[in-house]
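The following blocks contain the structures, represented as structure tokens.
In what follows, chain A forms one complex with chain B and a second complex with chain C.
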Partner chain A sequence: MAATPISELALQDHPPRLLAGKSPGMRLARHTLTLIALALLVLPFADLHVLSRAPWGELGRIAQGLVLPHFGSVESPLSAIGLTVAVALWGTLAGMIMGFPLALVFSRSRFVRAGCAFVRAIHELFWALLFLQVFGLSALTALAALAIPYAGIFAKVYAEILEQTPTAARDALPEGTGRLSRFVYTELPLAFAQLAAYTRYRFECALRSSVLLGFVGLPTLGYQLESAFREGRYFEAGAVMWLFYLLIASLPWWAHRRLVPLLALSSLFLLGPWPDIDASLVWRFVSQDIWPQPLLAGDINGLIDWLREIPELLPVIANTLLLGLLGSVGALLVALTLWPLASHHFGNRLTQVAGKGLLIFLRSTPELMLAFVFLLLLGPSLLPAWLALALHNGALIAFLVARHADNLKLDMVGLPASGKLGYQLLPRVYPGMLALLYYRAEVILRESAILGMLGIATLGYVIDDYFQTLMFDVAFLLLLITAGLNILVDAGARRLRPKGIQPS
Partner chain B sequence: MRLAFAPLSLLLLAGLFSPSILADTFRFTAIPDEDESRLVERFSKVADYLEEKLGVEVEYVPVKSYGAAVTAFRNDQVQLAWFGGLSGVQARRLVPDSQAIAQGAEDAAFKTYFIAHESTGLDASNTLPDDIQGMTFTFGAKTSTSGRLMPDYYLRERFSEAPEKIFSRVGFSGDHSRTLALVEAGTYDIGALNYAVWDAAMQDGLVDTSKVHVIWETPTYPDYQWTLRGDADEHYGDGFSEQVRQALLDMDDPELLESFPRSGFIPADNPMYAPIEDVAESLGLLR
Partner chain C sequence: MSLVPPLAVFDGENLGHGDHVVLSEVHLTFHPGERIALLGASGAGKSTLLSALRQRLGKQAAWCPQHHGLVPELAVYHNIYMGRLEQHSGLANLWNLLRPLAAPWQDIATLCQLLGLEGLMKRPVGQLSGGQRQRVAIGRALYQQRSVFLGDEPVASVDPHQAVELLQVIHERHQGCVIALHQHRLALTHFDRVWGLDKGRVVLDAPSTELSLDTLDALYPSAGAATKTTMDIEQTAPWPQDSLPCPRGQA
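And then the complex of A and B:
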């Protein structure tokens, strides 16, 4: 045997293993690849059939409707816009009023934290389905459907913001300063800008949710959007979409801080109709309709039969989780591909504006609406839902990542785009991107469940079944299961999230 | 720039109205079984007609789902409703004393058509062909009588299996117009729909008969009916229920009737729908 050169010996002693090492970069790479491998592993179990025979022709007609919208065909657009804004504004305000006090006790009360996690875990549309049963198609249903989950979200996020407020001012106070004074003079002013910024963001989300309430019959913009798309009147659907995009794009002007009180007061008159609340009906719903009927009768054997009659839930639960995972990984890949389009480090002015436009377009369109359109094109498999989740959430993350990247200064000049991306920008923005994805996982799972209402085989599908057949007790149980699943996944995501990374 | 948008905010505020519930308006709804434009056209005419006959303000409340129609009736947001067989039974169980007061002349013996895309190679026959097993299939709405309940029942009767076992895929299109569109486009091989909707679409030349045709029709069963809340007399005066029933039975404007499409309305009562109730219970859609 010939002597081995020393350099090779050294290599054999420490064979370079792919992706080994404890550096943050390697850790994130392993993490990401595991996630993608997991998605690929479960991919064969997902039903991704294209059921439609001629999706391209239909897609062409939808695109044509978007490019050449027919505004005259939209019936009373002003009242629909008015109601959409009024519901979003008052839903947000009510959520804020309920959420703020909860935020103050959030870290001290396990009960409050659990309650908030629960109301957050149920999607606005599911809340709407519940309230529809007692308040009918009314403003109260719409407001409650938004305000209740938002209260839970506000409580959590406000609490996080307040916790991160610098303590220097508070520490400088003389001993014995009252809790209230301490809060009003040293904590609130420091946190105010962030609280306000988050509330604005929530309001934009509320506009999207308010539109979606049209899908269950409340006369917001979504009402006409749903009918127009379903019946193939794409020119009208395109017009409503444009109205919605204009509404979102012009937010900084019409929802200017100084106009908010005026807007709130006057939009109060746009809210309606108000229901005649039938207390006995509400009581019956809360005390009887939503509880297992045999349980109320004290019949234990009947309860077992009741449970047996619920069809197998495992397939829909598995589908919901599967869609959540595929949606998250899809969103990551979409974000990785799209963010450079909107960053000023790449391309020219024209491509940047176009890229930003694309991201805003995808981010402003609610998943449910995207899924609804893809479903018309492709038929009710998991595929349209996956596309919708990946595109919407991916664009949302890409938008934030691009903004982060734009704030970075590159120290090495003259690198080609690939070098800038690979060596200078991606290593710096990627940790934030992954953290954002983990924050988003909870939202993606919530959406996976609700997309079932469109006919995709996730939890929302069976929940809608039981609402349609008026078996509210089973529907309620399924909602509890959905919420539980969501809370579990959220906890899991928090655990798995690469440590020491804050989303930017 | 900011100033330029201020008028937009004002416009949002000024040009709008808030519809509020007036106590004495008589409201009705209908299950959304067809394209909304069709429903709005049909029922705004009915509203005008009833307003003239009853001497109270009458308003049509459109809804998005069968369940929402029943809920609106239950919550007294509407006092009258044009229900299908099953939704009517659901509603009358939830609102004691409510009555089926009239049905279409055709509704005493209603039926469902099974339709197929041309690519299936199926022809019209006297029984459901064995070949449909393994194909894809769509119902209409989940609680539709002619689009779900009865076709489900006859499928089970023919094959002794649940539809999910018979077909490779079972969907719910949402309404009859959509079932027709989906089978015509070939998204599903087979569909089941309200025969009156099919006949009307054929008459209006809206069906591409080279793509889709009827392969089987079910035996007859009772279907659509007008259902009125039991407390109508209390709210609108003695004899109001009878007035409503008479107005519906007297409807003879061909244009109005054609929009349903029905040749006229005949009296109906709750026991007529017992067969529907039985089938729904056996399928687990009612309890």
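And then the complex of A and C:
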């Protein structure tokens, strides 16, 4: 090498071709472009028609409702808010109580891991549809719908947090220290702040889910929102939206750590109505209704006939996956475009505040609510669902990326914005952004399925349909398929995710 | 030398974790009552040798790890109490978190007085200064009441005067110790023997009376220099000048 003449070196040293090279930046750029190309490739198979005649006029009326909300027309807002908070709080608490012990055995039991993956893979609203059949429109349905998937989520995340606690204190303990003592003196206090922070974040998610339970008929804020929107009372819908945003924005004050016990006790009285549980009916539902009759009778031929009678499922499954892929890629593009708006490295004070506001607005509005509004505007194709998924998840990722970028200190001052973006910031934040997207893919697919309940042709549409026609066996099978799909996509995303990147 | 059997003997062994050898061909003997200073640059294998000793000595040795290994969220009292966690039942330990047990509270209060931590028993360790944390870590090892003290740089973050005081407390309460440090002067004045490591080998094993400061400084030029500069920096600038508390302040 040392003997190579300089002229020869100069000849070899031509610049690399477009997008060539093994640097992490080029690797991620190729990865991203492949993802986008894949999305473009499947785009022709997606039904993206605009089916509404005058979307702009409708959008104007909705915007008007948001700008000039009419709070007086909301019926009993306090009881709706109270129930929304009570369900979210007790759903989270119940999920925590069930999830925490599971977290302790999570890494050691394959059975627990599989069970948790299963309950996590089914969306809160699907659980609500299932429990609705046994417990009716009651507080128990609402609580179980939140608590069961949350138990699975808490078990996994708590286990990960506990696993990552530093081991130095544990190693310093005298030998012969019991497991309980070790846990309460080292692992638990070391992890406590993180466990509490995650539980808080989950509670915020629970508030959104609790609102959404209104879409299946439980009298939370979402119920009023849905009926107001459906009947075109946009001034009332706008008022409910504002109540929801205020509730989320004021979270740090009313859900203060010290207030939580008081809040929990007092909100217990707001929960209701409680169902009359008929044990024999519950048992019949669990042991008979949700299973195909031929299966219970041991009739193999009958089971094949039963399966044949189910209409074609492939189109809805394909649509769900398609929407999941398009939603993920859309979220990536939205995040790439929006994050500089909220970062203090770009623009002025005014644009930063406005950008941050836009991201918080999009992030706080649940996908289902966004999709519902877009659906009213554009008609029931995949387009409104795609927009909703891309905007909500993109804004959520953009918000985290902007926060990451704001923590970085730039070494070079006086660079133009494009140089700052391309040379200083994007190379550092992009790996984290892509990792977040892959973590989010599972959530996006779960949402793709649930958006079907609004009338979009994904799995949720047929599940809702079979529950409404009381064909619980088919509905349950579809729920199992949805969960299986979700677990597969989660495993796939984990494998496809470029190696060596961590969300920050 | 003595008729009492040695506490630990390494007879040409390779030490490390798993298949990875950190220290090769170790020939060392640790006799009861000996106070041994362990010298070596960082990465020379001091921690490996200490953890091997800890394994050999088992319940005879009190242990004060590098970087303390404390739980910042818990009070000073609870961190020191952890030294005897294995002597109580799980339930008693649990109850002690909620309401300190009377007897340990008394013992630890006395210990805290000795270490200059009086009045800090209820304070979370995360709120203490570096030197105070160091004392808590030593307190936890003293509270174990073992016959031998093993410490991985237990006096690294206190000033020389305090280091002498702490070493005296440690010596008074144990019959022998192996302590890793980088203050050469202390190694000569407060220890009977010096073990020196360099690049994964034992390069020095001699009574401190046969050694001089110049020999040690010649063996470890960088270690002495490094300690000096760290202390200089600490005295002149308590925090790095370029990190303003508010990042926006620079934009």
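Just so it is clear, the second predicted complex is superposed on the first by the 489 of 504 C-alpha atoms of A that agree within 3 Å, B and C clash if a C-alpha of one lies under 4 Å from a C-alpha of the other, contacts with A are read in each partner's own complex, and residues count from 1 in each chain.
Heads up, the rule we're going with is that contacts are C-beta pairs under 8 Å (C-beta built on N, C-alpha and C of every residue); 3 or more make two chains touch, one makes a residue touch a chain.
All values reported here derive from a predicted model rather than from experimental measurement.
By the touch criterion defined above, A:K409 lies against chain C but remains apart from chain B after alignment on the C-alpha atoms of chain A.
Residue contacts after overlaying the shared chain place A:G178 against chain C, while chain B stays out of touching range. In the superposition on chain A, no contact is made by A:V401 with either chain B or chain C. In the overlay built on the shared chain, the residue A:A193 is in contact with chain C alone; chain B does not reach it. Legend: residue contacts after superposition of the two complexes on their common chain; A:A169 is shown touching chain C, with no touch to chain B.
When chain A is checked against chain B and against chain C, the one touching more of its residues turns out to be B.
Touch criterion not met for A:A128: it reaches neither chain B nor chain C.
Shared contact residues of chain A, touching chain B in one structure and chain C in the other, are absent. Within the complex formed with chain A, the chain C residues making contact are 58-59, 63, 65, 67-74, 78, 82-86, 88-91, 93-94, 97, 140, 144, 247-248, 250-251. Across the complex, chain A is touched by residues 1-2, 4-6, 8-9, 11-13, 15-21, 35-37, 61-68, 70-72, 74-77, 90, 94, 136, 141-143, 169, 171-172, 174, 177-178, 181, 185-188, 284-287 of chain B. On chain A, the positions that touch chain C within their shared complex are 168-169, 171-182, 184-186, 189-190, 192-193, 344, 406-407, 409. Interface residues of chain A facing chain B in the complex, by the touch rule stated above, are 51-54, 78-79, 81-82, 85, 132-138, 215-217, 223, 226-227, 230-232, 250, 253-254, 256, 259, 262-263, 266-267, 269-276, 278, 281, 293, 309, 379-380, 455, 464-465, 467-471.
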